[in-house]
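Okay, here's the structure, questions in a sec.
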Amino acid sequence: MLKGENITKDFGGLRVLGDVSFEVKEGSIFGLIGPNGAGKTTVFNIISGLLKPTSGRVTFDGKDITNRPPYEITGYGISRTFQNIRVFREMTLLENVLVGMHRLFSYSTISMFFDLPKKRSEEKTLREKAFEILSIVRLTDKADLKAESLSYGEQRKLELARALATEPKLLLIDEPAAGMNPAETEELMEEIVHINGKGYTICLIEHDMKVVMGICSHIAVLNFGELIAEGSPDEIKANPEVIEAYLGKEEQSA
Amino acid sequence: MFLQQIANALALGAVYSLFAIGFTLIFGVLEVITLAHGAVFMMGAFAGLIAVTKFNAGLASTLLASMIVSGLAGYLIDLIAVGPLRKRKFHHLAPMIATIGCATIITSTYQGIFGAEAYRFPFDFVPSTSYDIGGIQLTLLQLIIIGISLFLMIVLIFFLNKTRWGKAVRAVAENPKTAALLGIPVEQVFRLTMSISSAFGGAAGVLTGLNFNTIHTFMGGPILHRGIAVIILGGMGDIRGAMAGGLILGFSEILSVAYISSDFRDAISFGLLFLILLVRPSGIFGKVIERKG
Amino acid sequence: MSDLITSFWQTYNTLFYTVFVHGMLALSIYITLSCGQLSLGNAAFMGIGAYTAALLTMKAGAPFGLSLIAGGFLPAAVALIIGIPTLRLSGVYLAMATLGFGEVVRVVFLNMKITGGSLGLNGVPLKTELWHLILVMGILIYFFIKLRNSRFGRILEAINEDEVAASVMGIRATYYKVWAFAIGAFIAGVAGGLNAHFTFFISPREYGFEPAVDILTFAILGGTRTLWGPLAGSTILSILPELFRFLGPYRLALNGIILVLVVLYLPNGIVDRDTFSNLKKFFKKEENA
């Protein structure tokens, strides 16, 4: 479904990604892991159009989406969350989700000004839909609260809901378990599996190995911008280079 | 005729570069577009005027006085308006709006004190001799302007590359957080940069006052537009860009006045600005603007 | 009693009209600020609208309403031209471009014969009446109220808060920023047309950088979180100068001081989203006490 081919990214003299290739199969939960600074979020930024690769290609369902602007890529069916949570803090939860549903709205300025039936029916229908999405992440009771009043974990859920609202085929989730306790993480894993079950393909960046090994069907490992391994969870667990990459980092910080 | 215009263009361009260098340095280090730079330019011009008319200062002292006054103004602007905004998380437009406020305060105050009329330097403050260099007639004044501008630019480049504080400035421009971790006093660097840059603005002011022999409280506006055009043309934050852009603008204006019409000289800078925004918004030396996740 | 009212009106009707015009101008900059962009060109747009409308009524005998609308569309068209390349970039670029643009407009007005050059246009017919101003203001307020709970209002707010996140939600930020900028220009142009037809005389000086800063101050002081903020700011700052006339040129410094103080200490301006509910709570407490 999603293919990255020979993606390289340089920032000035610094090579952040070197010749990275991967494939995300439709319907799967794909894990992208690696030590901090390995370039994982950069991959997401390139896929979602926020960065241009120095060289290489990204294709989605056969279509070349390299260098396309972010809003266009969302239109093709790719959505994402951010590592450092970027919900719209001053807007309510419902409004956040409604923004996510941007693609589904189409009424014009005139419609808005004259309160034409098209505007009223779209607002009504899509608000109801937004409520449903909030119920998937169990946040309906806070729908009219400002996003900034939410706890950290709840904001993560909101971001997920908002990403789902764009009706994507592929969902890129960046470190959703960061800062969560074991109970929350367990809930998160269930939710992701549940979403995947509904037909959304998922590509996941995550540090928590329990999550990665628990729900991913396929994993790619990055280290220093290079792809060092790819395969099933069992294969990755046993891969000596992967162990080295992680252990090496641990030794440095020890 | 064309050769003669080169002299005018160089003098004009040199001052534009000088002004733009301060402007672009503030952006490069503090990541702020200060719309008060025109106001400190005007302050420098008046400081020079007062130094000459009230204190009979010579050229060097006049220049020094301008730079000190403007440098101090820049320091105060950072202390009172721009600095406090760094401490808290504000809207990205807030610093710019604060500098607009400062510019308005400065300009109105000067208008209250000095009124709207045009002031002049004493006749022959700079003797009106001219020299023939390679077929071009350059007046002493033009030579002085070009010379001082070049001198100040060289001093700045030396400062940035060879002195401890200068390297600190560059480090902060690169990445303030990293610089702080390395033990560099980032706040002081910000203040220093504002002061030096404003001082350069003031120098440009007094040189412009000499060049056109007109000093008035409205002179901050036109130069600000040109400064903006120059830094966008040259690439925001890039000193080479400011120098190149200043020269390009100087030449464009002189040539357009000579060969097209003088009515629209003030519009040339906007024309260049618009063109660059269409074609290459990052400017000549600028890095391509990318969004990040 | 009616004599008092009549004489009051005779003295202050221009001020009253000006309050309306300033309110419109404040709303014109508000819509661009609400998506994170700073336009310093709304005074210039006002000027384009003023000259267009005035020339149409004076030289072409056009009906007032038509002149006003034309005076709105021309600045909007110009806004599209300068906005499209500029608004691809961050909000500071629009500020810088509109600063230079304002200067260009001033130079053009000064040099065109049809605009009367530096002498300006004299003898603009006195067509603006109070009901015109109330009607236009009413339409504007209605527009902004409709905007708030519509997809456009949410889009603008999303762009303002986090343009990157908004783009990832499928929002084509540049398109909507240009949309807002052009609407702002339209409003400023209409305000200019209305203004010209009660001030009788217009000149390039009225549409330069200082008025642009005035307009910005209206919006910043009043607050850019609700539509009432800019209206509050413009009303206060239209009346205040009358009180501070004695300060002469220093009066403009007041604008600067207000800008700096508000930006530093009252970043959301006087009127914030919960100002009304807070006021209600406050008065309820007083009642119960």
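Chains here go by letter, A, B and C, matching the order in which they are written, and residues are numbered from 1 within each.
Please note the rule applied: a contact is a pair of C-beta atoms (placed from the backbone, for glycine too) under 8 Å apart; a residue touches a chain by one contact, two chains touch by 3 or more.
Since this is a predicted model, take the numbers as computed values, not measurements.
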{"item": "Of A-C and B-C, whichever chain pair has more C-beta contact pairs", "value": "B-C"}
{"item": "Closest chain to global C-alpha mean, per-chain Cα centroids", "value": "C"}
{"item": "Chain whose Cα centroid lies at the greatest distance from that of chain A", "value": "B"}
{"item": "Centroid spacing, where centroids are CA-atom means, of chain A and chain B in whole angstrom", "value": "45"}
{"item": "Whole-Å separation of chain centres (CA-atom averages), chain A against chain C", "value": "41"}
{"item": "Centre-to-centre distance between chain C and chain B (centres being mean Cα positions), rounded to whole Å", "value": "31"}
{"item": "Overlap residues in chain A, where contacts from two or more other chains coincide", "value": "48, 50, 70, 82"}
{"item": "Sites on chain C at which at least two other chains make contact", "value": "164, 167"}
{"item": "For chain B, residues that touch 2 or more chains besides their own", "value": "291-293"}
{"item": "List of chain B residues in touch with chain C within their complex", "value": "33, 35, 80-81, 84-85, 90-94, 96-98, 100-109, 111-112, 221-222, 224-225, 228-229, 232, 263-264, 266-267, 269-270, 273-274, 277-278, 281, 289, 291-293"}
{"item": "Chain A contact footprint on chain C (complex, rising order)", "value": "142-143, 146-147, 149-152, 154-155, 157-158, 161-162, 164-173, 179"}
{"item": "Chain C residues touching chain B - in the complex, by the definition given at the top", "value": "33, 36, 38, 82, 85-86, 88-93, 95-97, 99-101, 103-104, 107-108, 111, 164, 167, 209-210, 213, 216, 220, 248-253, 255-260, 263-264, 267"}
{"item": "Sites on chain A touched by chain C in the complex", "value": "48, 50, 69-71, 74-75, 79-80, 82, 86-91, 95, 98-100, 102-103, 105, 107, 109, 112-113, 115, 119, 122-123, 162, 166"}
